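One structure is given here, and the rest of the page talks about it.
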Amino acid sequence: MSKTINFGIIGAGYMGKAYSIALNTVASVFPLSANPVLGILADEIPDVVEAKAKAYGFQRRTTNWRDLINDPAVDVVAVCTPTFLHEEMAKAAVAAGKHVICEKPLSLNARNASAMADAAEKAGVKTMVGYCYAKNPAAQLAKEMITAGEIGDIIHFRGTHNEDFLMDPEAPVSWRLKEALASKAGALSDLASHIINMAHYLCGPIADVVADSQIIHKSRPDGKGGRAAVENDDQTNLIVHFASGALGSIEASRVAAGRKMGLTYEVVGTRGTLYFDQEAMAELQVYKGSDPAARCGFQRILIGPAHPDYGSFCLGTGHGIGYNDMITIEMRDMIEGVAGNRAVWPSFRDAVHTALVVDAALRSQAERRWVGIGELETELK
Amino acid sequence: MSKTINFGIIGAGYMGKAYSIALNTVASVFPLSANPVLGILADEIPDVVEAKAKAYGFQRRTTNWRDLINDPAVDVVAVCTPTFLHEEMAKAAVAAGKHVICEKPLSLNARNASAMADAAEKAGVKTMVGYCYAKNPAAQLAKEMITAGEIGDIIHFRGTHNEDFLMDPEAPVSWRLKEALASKAGALSDLASHIINMAHYLCGPIADVVADSQIIHKSRPDGKGGRAAVENDDQTNLIVHFASGALGSIEASRVAAGRKMGLTYEVVGTRGTLYFDQEAMAELQVYKGSDPAARCGFQRILIGPAHPDYGSFCLGTGHGIGYNDMITIEMRDMIEGVAGNRAVWPSFRDAVHTALVVDAALRSQAERRWVGIGELETELK
Amino acid sequence: MSKTINFGIIGAGYMGKAYSIALNTVASVFPLSANPVLGILADEIPDVVEAKAKAYGFQRRTTNWRDLINDPAVDVVAVCTPTFLHEEMAKAAVAAGKHVICEKPLSLNARNASAMADAAEKAGVKTMVGYCYAKNPAAQLAKEMITAGEIGDIIHFRGTHNEDFLMDPEAPVSWRLKEALASKAGALSDLASHIINMAHYLCGPIADVVADSQIIHKSRPDGKGGRAAVENDDQTNLIVHFASGALGSIEASRVAAGRKMGLTYEVVGTRGTLYFDQEAMAELQVYKGSDPAARCGFQRILIGPAHPDYGSFCLGTGHGIGYNDMITIEMRDMIEGVAGNRAVWPSFRDAVHTALVVDAALRSQAERRWVGIGELETELK
Amino acid sequence: MSKTINFGIIGAGYMGKAYSIALNTVASVFPLSANPVLGILADEIPDVVEAKAKAYGFQRRTTNWRDLINDPAVDVVAVCTPTFLHEEMAKAAVAAGKHVICEKPLSLNARNASAMADAAEKAGVKTMVGYCYAKNPAAQLAKEMITAGEIGDIIHFRGTHNEDFLMDPEAPVSWRLKEALASKAGALSDLASHIINMAHYLCGPIADVVADSQIIHKSRPDGKGGRAAVENDDQTNLIVHFASGALGSIEASRVAAGRKMGLTYEVVGTRGTLYFDQEAMAELQVYKGSDPAARCGFQRILIGPAHPDYGSFCLGTGHGIGYNDMITIEMRDMIEGVAGNRAVWPSFRDAVHTALVVDAALRSQAERRWVGIGELETELK
């Protein structure tokens, strides 16, 4: 364990903090092949980067992200910036031979995402995209049960990612609501991408899509006394077919009153069903079709040391796991991927699928028709 | 209250029993403008009709439903038979000047449903369709809150009606799985119709639809040692737009492992959200957007005497209301409609809308496109 | 089934209505050895008894309960009056050779309850006390699982019966709050008696008790512009030992803000646990200790036709059962007991045990010590 | 922030790991007056202490805890060892002028706990006892609401701490089951102490107690092929009076099948109720008595940045907080207490109250009577 992996993080905001907490924690939680070092933090606001670098324990700081990428000590670059910046930063990082963790969504569209994956593969570096909810031990348990055939063949998936941080029509506009900064897809890209990635993880790739989205509040305060247009959707609904033949629905909203972290999924198989709700993140509801009629019902499995990764945090079942713990698992995966030269999931390439589904949903909405993922894949070539 | 209303029920099975229980109960529960009389029960199996007529307290019985319809004492005919029989029976009843309660779905398709509504209106009789879940005091409370603007403007509806009575691939075929007896729509007609009616009740009419459905188990035991084809869908998904502009999704399944009475709805407004699950039928979950951030969250309102109709059953909040109580409310509505010459809801005409949505979903699936309800309405003329 | 059983009900209030609904319903729900007849209703308020007798379908009515008891047509007398009247009415009824259903609590104290049981046994009539929650199919399922050893040996019972109908300090005084009319025990007698009966049903007799109770609001409006003293407890707590050796706790309150029908029980065995909450009355939560660590958790069993009595109400699991349905089961038990000359549960004798536990709790509180049930039993002799 | 606080941890097991994770995390989460340094780890097993010190990032390690206490660099000693060792270690630490965090329960009995508090106060050092569940933002919110009078005057408290880690009768004996190592109190000391501390925190001191406890499995495998006696209780029940006059019940078990982290509390006030369950640790259920009858019910408040401490971990409500996050809050409290020379809660002195309640419960059980806390306090003098 004398090996170390040096991390540079671009962006000292929400996710930059989460990554820093996780990197400070991960070595005490998990046995690691190499210890992470908090090398350098980049943020364009001098006061912020100085204060945060100190608080998080970074060795160095910079207001110029290119310095971070060019820093020879850095092994892994973490891109925790608004979406429109991902492509340039990630490409520069892989060009400099760095491994990259990039926040979700990977890019503004599938074309850019695909180019990023190409660049990373050409450079031979490891990549990961921050779909953290799939790292939850409960999600890993769901995956394990599905893979083991415990619920039979998957026939239906229903996923949601509903929040209400924009339910107030007077909440100000931000980069997330602008096409140029966050894409033509709003909740569809920012939130649905999480549950599309989860669908992919649990049920395999999606084959075709029909969708519709809406902007509920057309304009919002621009923070300068005026109003600015909202340029992407507040809520969206998709029907999907998986390549496996299973049917599914996906829903996302940023104006869903009362839903704070409403990432939920119900996976129906021919022999059972799984249900999960991120607002009760340390449990999985399971229905086993083999139980007799008089003794059947959904079972609330509290996650514990008998399930993936939990026992490294705590030896007591049901004692609880939190948001930052999922990020810690992500960092473990990245470290082990880099140190062990193993595959990391979800890579940029894996995330292209999510981007394709988002793009297919946009096209479906524009053209009011079913859109095959294959159609978009062909266009990428 | 010396006035009485004489009921004839066709079909001594599941729903015939439920109606009989309710008619025996309703006068003790509600103040009524007229007392119901259990006049005559019809069922083609002699032993069954004899035993059941006695048990339920009918004055007369018959194995020939036409005798019931021609019985001059009968005021109201209840049609509790498989779907394909509804049209003939209901038309005969209205032709004989009887008021009619018909089980859902009203008919095999919107065209027939519309003809039934025309016939009833021409005859000047009252009609009702047995969408009993909308009679739940919790649903009435939801309607009341929406109408009063308590959750603002409706922007999203998600409804499901999932059960698992056919999850076993070796469960035998029945009339419900046959196109000629139950329509080309399976779960879409048998189950989704309930939640479509609820959507209509709570959010107004649906304007257009995209849908897909699947048969999971293509054949089943025919009960004679062989196999018979399953001719309509096991599961279905719709995206809908309401005439109001709200977006919605609807899902139904008869193979959804673990869901026993999974009629759920979540109605999102600009200022709050309602959530209901029929498996916890005596409560409504409410989120009020006006609560301060530190004191907000979904509130579990247990239904009680402060809400519609509950107090007639029981004076204690949360003491519980059951399936048959909803049927009792239905019977009260029918009796008061007939005795008071007031409108009854949902009438045959109201139910045509549900049938149109089902037909639009079938066409959407066949033609892989969005289908407007207006398109089908035009064709009916 | 030409046999009939003629019922006379004393008291046209809350429970009188519930019994009437149930008697009107029971023959359509259950196959019966004899059909009930609503013979005569007694209530001292002329207008009330007239209106209610008509609404409920009674053949006769009276303002003098002794007329009812002396009515030769009456087979079963139902006593639905305030507690202080039970003893006189029930004794008169059994003296007249009538079978008796009496509302809970059976009497003001164990001595009177015992005298009532003696009188009934001497008269050779059937008796039942209205502990309706024990008739819930979910409670029957709990009993069935315990008896079958599915949770091993019972080691702990925790029961509550919490409501909040008196949380408002300005709610007026009523007979329930007066020692002479309802006993020295308030919530302890009115509410805890339900959960004590349930404890007895599920875990066997209680052997000794320590308890404490409190009056929270010492006086209340007397309805005449003044204040009246509250003479019995608003909340109570007991620790009990069962004869089996199991430990338990019992709690009741009529001022428990937010609990509307908070009858809950958790029965812990050496191999599993059952949990029930009357506010979700159609389900039982079960933990099976034999499940493997990675697949264990409480299972929510929705009550259905695979469980006792439910299928007679409805063929669909989870479709729901309500308060009045439990009363219907009670009436079925009474009818079958009388018609079939079978034992009825809980009889007056069974209810003496509940009364003894209440009296022991009162004495424990007064003398600040553990009190054995045997001590009180000895004094009764 | 150039100030640092140097920690020495005795015990590299469960809690030693939790403390280490927290100390590695706390500076990234909270703004701090001083940064913690992981100075030295002590554990008597050489291999363990070497591996763990490396993994957790300690500068030094030792197999002799006295070296740690005598290390001049160490500012704070954390005692994470079995209960019987707490007194000697903590006294040695305070004698060396160190601040001390000690795991719960503080000592084998109230006399020893009191002596520890005396020693610490004499030495003028800061102390804290690891009742981590009271650090949960949800518990802090409960405290805040109670203090603000949001639920009126407290009239009832019901608390449980149920787990099932010893439900298997063949689970081997451990130090926790031995009187000399863990006290005559089993679940009463190990588990109930958590909920007694919580009761103290939320409702003030307890005045008197009646209790009973049981050993369910009298002997267990001794790990050497034989059997060893279990010397303290598996389950316990208390009724308590608070000094305020409120009534309460407390229950704990280590054999409660299915309860994994069943620390629950329900605090009833004259104007509302709070309910919490650690198995759903990031939410608080609240009933406000001021809501109108038709719009009342328990509200599920998901903990978020509007509540104490949560926002430092994550900006999204309902995104989740875990067990280790509570420990991080504990460490923040200790650091700020030491660095800022502010009071730390719960101190050794605060924890003497919990120890007195445990001792009173033991005496109540032995003598089958109510025992006043004052009686035991007098004996300590």
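Letters A, B, C and D name the chains as they come in the text, with residue numbers starting at 1 for each one.
Just so it is clear, a residue touches a chain if its C-beta (ideal position, glycine included) is under 8 Å from a C-beta of that chain, and two chains touch if they have at least 3 such contacts.
This structure is a prediction, so every number in the text was calculated from the model and none was measured.
**Student:** Mind listing the chains that sit against subunit B and also against subunit D?
**Tutor:** A, C
**Student:** Let me spell it out: compute each chain's centre from its C-alpha atoms, then which one is farthest from subunit A's centre?
**Tutor:** C
**Student:** Quick one: report the Å distance separating subunit B from subunit C, using the average Cα coordinate of each chain.
**Tutor:** Spacing between the chain centres: roughly 35 Å.
**Student:** Counting only Cα atoms for the centres, state how far subunit A is from subunit B in Å.
**Tutor:** 41
**Student:** When the C-alpha atoms of subunit A and subunit C are each averaged to a single point, how far apart are the two points in Å?
**Tutor:** 54
**Student:** If a residue has to touch 2 or more other chains to count, which residues of subunit A qualify?
**Tutor:** 283, 296-298, 302, 304, 317
**Student:** Under the stated contact criterion, what part of subunit C meets subunit A in this complex?
**Tutor:** Of all residues in subunit C, those touching subunit A are 141, 283, 286, 291-302, 304, 306-307, 317.
**Student:** Sort out for me which residues of subunit B touch subunit C in the complex.
**Tutor:** 1, 14, 17-18, 20-21, 24-25, 27-29, 31, 54-57, 163, 165, 260-261, 278-283, 302, 304, 313-325
**Student:** List the residues on subunit C that touch subunit D in their complex, please.
**Tutor:** Spelled out, the residues of subunit C in touch with subunit D are 151, 155-156, 158, 160, 164, 167-169, 210-212, 214, 216, 235, 237-239, 241, 247-249, 251, 253, 255-259, 268-273, 287, 289, 296-298, 368-370.
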